[in-house]
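My questions all concern the structure below.
Each chain gets a letter, A, B, C, D, E and F, in the order it is written, and its residues are counted from 1.
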Amino acid sequence: MVSAHSADFVWRAGGAIALYASRGWRVKIVCLSYGERGESAKLWRAPGMTLEKVKEARHREAQAAADLLGGELECFDLGDYPMRVPDEALYRLADVYRELQPEFVLTHSLEDPYNFDHPLTAHVAQEARVIAQAMGHKPGGSVLGAPGVFLFEPHQTEQCNWKPQVLLDITPVWEKKRQAFELMAAQEYLWDYYTRVALNRGVQAARNSNKKHIKYAEAYQRVFPHVTEELS
Amino acid sequence: MVSAHSADFVWRAGGAIALYASRGWRVKIVCLSYGERGESAKLWRAPGMTLEKVKEARHREAQAAADLLGGELECFDLGDYPMRVPDEALYRLADVYRELQPEFVLTHSLEDPYNFDHPLTAHVAQEARVIAQAMGHKPGGSVLGAPGVFLFEPHQTEQCNWKPQVLLDITPVWEKKRQAFELMAAQEYLWDYYTRVALNRGVQAARNSNKKHIKYAEAYQRVFPHVTEELS
Amino acid sequence: MVSAHSADFVWRAGGAIALYASRGWRVKIVCLSYGERGESAKLWRAPGMTLEKVKEARHREAQAAADLLGGELECFDLGDYPMRVPDEALYRLADVYRELQPEFVLTHSLEDPYNFDHPLTAHVAQEARVIAQAMGHKPGGSVLGAPGVFLFEPHQTEQCNWKPQVLLDITPVWEKKRQAFELMAAQEYLWDYYTRVALNRGVQAARNSNKKHIKYAEAYQRVFPHVTEELS
Amino acid sequence: MVSAHSADFVWRAGGAIALYASRGWRVKIVCLSYGERGESAKLWRAPGMTLEKVKEARHREAQAAADLLGGELECFDLGDYPMRVPDEALYRLADVYRELQPEFVLTHSLEDPYNFDHPLTAHVAQEARVIAQAMGHKPGGSVLGAPGVFLFEPHQTEQCNWKPQVLLDITPVWEKKRQAFELMAAQEYLWDYYTRVALNRGVQAARNSNKKHIKYAEAYQRVFPHVTEELS
Amino acid sequence: MVSAHSADFVWRAGGAIALYASRGWRVKIVCLSYGERGESAKLWRAPGMTLEKVKEARHREAQAAADLLGGELECFDLGDYPMRVPDEALYRLADVYRELQPEFVLTHSLEDPYNFDHPLTAHVAQEARVIAQAMGHKPGGSVLGAPGVFLFEPHQTEQCNWKPQVLLDITPVWEKKRQAFELMAAQEYLWDYYTRVALNRGVQAARNSNKKHIKYAEAYQRVFPHVTEELS
Amino acid sequence: MVSAHSADFVWRAGGAIALYASRGWRVKIVCLSYGERGESAKLWRAPGMTLEKVKEARHREAQAAADLLGGELECFDLGDYPMRVPDEALYRLADVYRELQPEFVLTHSLEDPYNFDHPLTAHVAQEARVIAQAMGHKPGGSVLGAPGVFLFEPHQTEQCNWKPQVLLDITPVWEKKRQAFELMAAQEYLWDYYTRVALNRGVQAARNSNKKHIKYAEAYQRVFPHVTEELS
């Protein structure tokens, strides 16, 4: 899971994290930045605030959310608005992939006119994946296979040319996801927004299948074809 | 499985048919037309040929292929080049859906500048599906659920704006599919073409996963989101 | 306002209708069908139900909603699932345009794999508009100008390739729109769904402007360029 | 050349017609309609005008333009706004293709929200082409090969999702094309519009090549790949 | 207004600048480069020309055009072909936004295969806007709201995947715009080209509305939805 | 011809190179990298392998293939996975263009989620072309004209949003191309894959024309419109 700012993983993929953690998987969350400049408006309104204090507060929130959901948090602290990614960070992420050998990767949409750190993060997540696959990158190490890449839902889907191709049932872990929302004190205005998103994606999931018990869902776009033995 | 002409199902979805038949599923193949005018050039070169004789020959070939692959064939005989679909045919297809209650539907791509019967068939397959879902269509019958719709590979994918989102491993049934090709005497020039398609989709399937044993694959585009409990 | 089924106008454009009616405009609602077969599942569950009774119930609901919102209802009763539109209906709609001389036209999205009556209605709304503009159609009458066409929000926007280009503030009339929802007894499961849509579009409207007072919004896609003296 | 209304061929492909006629080719112009209702506003302003008189005037104009440019005119008189195409017209056009065996076909863009007769004509031009290729259509006749299809420039290109892939130098025949414009008395307001289009496409043609002598050009979109021995 | 090279604002947005200046608005024009290497061919043909001289000449022309149109010019002098934008330039532009608090921003199209400085400028204009919105960027300053972003017309619209969504009537200020063209001595060959563009966009504006008095227009694509109380 | 890694030119454009070389043209092949890290898996499996040895082996293979096909090889050795292109490399490529004055340029597709070096190379090939056209870049030199840019076929076309607009008949030089494949010992698994691609593109070329003798073809997408005196 590669997200741009330290709260993105909660709104966009908190259900997937909690679901897989509940199944006993190891789930790694890499945050390239704390979103300290561009996604912490509420914190900045406090008197005497500094960049370091904002980053600490954001780190605490993200850590608490990761703990609650059952994921491991790793923060690269690359800055935000604008995020800049040196090649070392790319290699560090490639190392994470090789060490973890993930079954799949979750990241941002490929476009987002509201937030240029998001598509950059998606690019980095993908480019590091390709580097980790290269036999000649740090030769001798065990190269990465071909994990699927899933793009989670951006704030305004249509403006980002993002389409939901997968609807993941997160009903069993919804309460956890909502609790994680409430740990994100800096962005309280998003709690209800993303609750409504989860409910409407749930309605759509039930409608697009015969699984009428689904109440909450998360939506993802695939980057690569789904290789399978089943059409379903 | 709704195909336009009576050989389409062989090239484009013969693997899926054989695979599911081999698992004991009931697989129904609806051919809206025999392709008697536009896809039977070789037959027309025989002396004394008539429309009826071409249709009979095409029916025999399609029946033999369906038998080999393990599917049930139903032909609507609506004509081709151009195909015209009266509402009765639409309702008849809706009846097929309701009787069968399929887990999924396979049909043509949404566009095809080389063959206007193909996108029309895709439209009909989808419209009949929606009619079969309508509670007020033949009220009292058991309505259709929400089976997924998969669009199989057209002859020139890029010109049809078709994208492979699912790669189905058909290695276990490849020999059956190739044998079915060879029953299509009227279109011998396609045997090797679609063998190469299957091999290259197989290479792609192996590359897009860690399933290095895949040698042959069929590709499909989804119409609706995949509702699932798994990201894979 | 040209909608396919007799409840569509409530979910998708009820705010615009109430807003313009509240400003003293004449707002005309044309429903091509009652949605009696495909959008009245709840009614069909009642014992002894017939097509005529469903249509009557749907007409009553639609009339009540139109009255509440302040629009004039006209039903063409063309049937649904599938809807079929004879040329006479097209000419009748062209007459409506010419009589009304609307400032703008609202209708469905151009694509919708869940509902083929919707894009057909959008096509009819546009084709009738062009006919009404033709000097040689019923010559002597007063031809239609060039009213803008706005496509209202479909149930699953991304699958319909629909994009919100206009966000209309409907906060002042929200209560009316919600009350109209509650008149649609046949589709109660949509009340909350479209309330959430309105709230999330409201958040987006506030975010895409400095109008922080917006709480509810409706979204539209434009067909034609916006001709203006202002960039805003 | 298959055009919807009897003046379309002048604005959109008059240069290609004149160019090929000047090289001694036989150029056939099929007009499906006279555009008597929707594209003859000026004529309808005359007192005592009737549909028949408009059609006669439009026929005279089109014939004069065809004569000037060097093409053969054939009018199907199918009506306009809306145009309706019975299968007989489709077969008649297929006969034209078989008789003529054209090297290429010119027709309208695939989309046009301003004019629904145009994309219908493009569809008909293509579907008739495929029918003419079918061995079993009027068996015994000589089937059509695979002529390329070029879509000429619509009035508002971007709204029609049309892209110029070919820029044809029409400088040598520009004067003829402009004269043909001036024969279209019913649509005088388009003379300068399409002169400006030709000049700006000419600037683009010069810029996209080293042919600095080009002053006037016509633009086309291809439907099919260009099969060639040259990259140029 | 953020343009790549020092003449771009004249051809592409000179009308908007003159129009808003004539209404008493403060209009700021930021040119990232003088276009001294790639858009000054005529100047380079003079004997003894140097980069500095070209930049001076381009600056004089741009200043004269800005004065005539009524805008304030600021040049960042970042070089061209290729333009390279250090983060300091991005922050400087963010400062301009914060100081000015613009109602809207005009810039280049998102793609342009003829000129890579143009999409880069569009990216910079948008990224700086997002930085200026970030509470934690130079905290304590007054952050930017959410001004709309309008993309002006590129030289070959279809190749740039750019669509006109807004047609701005510039008839009242056309003479000023044409005079500004004639100050651009280095690119005389574009005077008539963009005059024709303005006339044809004017015809389209009249056709897409009932404003038959429009003679000249400029076209823009929106990046964000239009938040409004009016459908028009 | 600008390719990312030192074998790309063989699979993707080997036919065009051999064809034009056989006609006596000078064909230049620029490889930005050896693909030493990401496209040399087989070599890395040998014991004691180092980056330098891999590069040497790849250089030898590429040189042998270039010699066989008849092209001149120039390697920029910029590294791969990820490739990074300093401005000096861009200027060096611009110098190559100016020295060679090519009739056309071949390069990679604009997108490729499997390989980020490929779209970067396409960007560099295009940006250098535009720089070489700039009168003010190294003034006094002879600037580049407007050679067409053709994008050769990526490994998975649909995922790269690449479309074949040109099918080049490479039947006369096929044997050479296949021999060049066999020199690429490091990527033996691609020999048959690209043989099948060439055969299927050949079938398509024959089908899209009346040139039934075509057996092998290469496909290209155009970036710019084709300026021509012929529609064919």
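Rule of thumb we're sticking to: contacts are C-beta pairs under 8 Å (C-beta built on N, C-alpha and C of every residue); 3 or more make two chains touch, one makes a residue touch a chain.
Being a predicted model, the structure only gives us computed values, none of them experimental.
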What are the chains that chain C and chain F both touch? A, B, D, E
For chain C and chain E, the contact-path distance works out to 1
What chain is the most remote from chain F, judged by the mean position of CA atoms in each chain? C
Most remote chain relative to chain E, going by C-alpha centroids? B
Euclidean distance of C-alpha centroids - chain B vs chain F, Å: 37
On chain E, where are the residues touching two or more other chains? 159, 164, 204, 207, 224-225
What's the complete list of touching chain pairs for this entry? A-B, A-C, A-E, A-F, B-C, B-D, B-F, C-D, C-E, D-E, D-F, E-F
What residues on chain C touch chain D, complex-wise? 87, 90, 123, 126-127, 130-131, 133-137, 139, 149, 223-225
In the complex, go through chain F and note every residue touching chain A. 36-38, 40-41, 44-45, 49, 51, 54, 80-82, 84, 113-116, 159
Listed in rising order, the residues of chain F that touch chain D in the complex are 16, 19, 103-104, 106, 145-146, 148, 150, 164-169, 204-205, 207-211, 214, 217, 219-220, 222, 224-229, 231-232
Which part of chain E faces chain D closely enough to touch in the complex? 155-159, 162-164, 189, 192-193, 196-197, 199-200, 203-204, 207
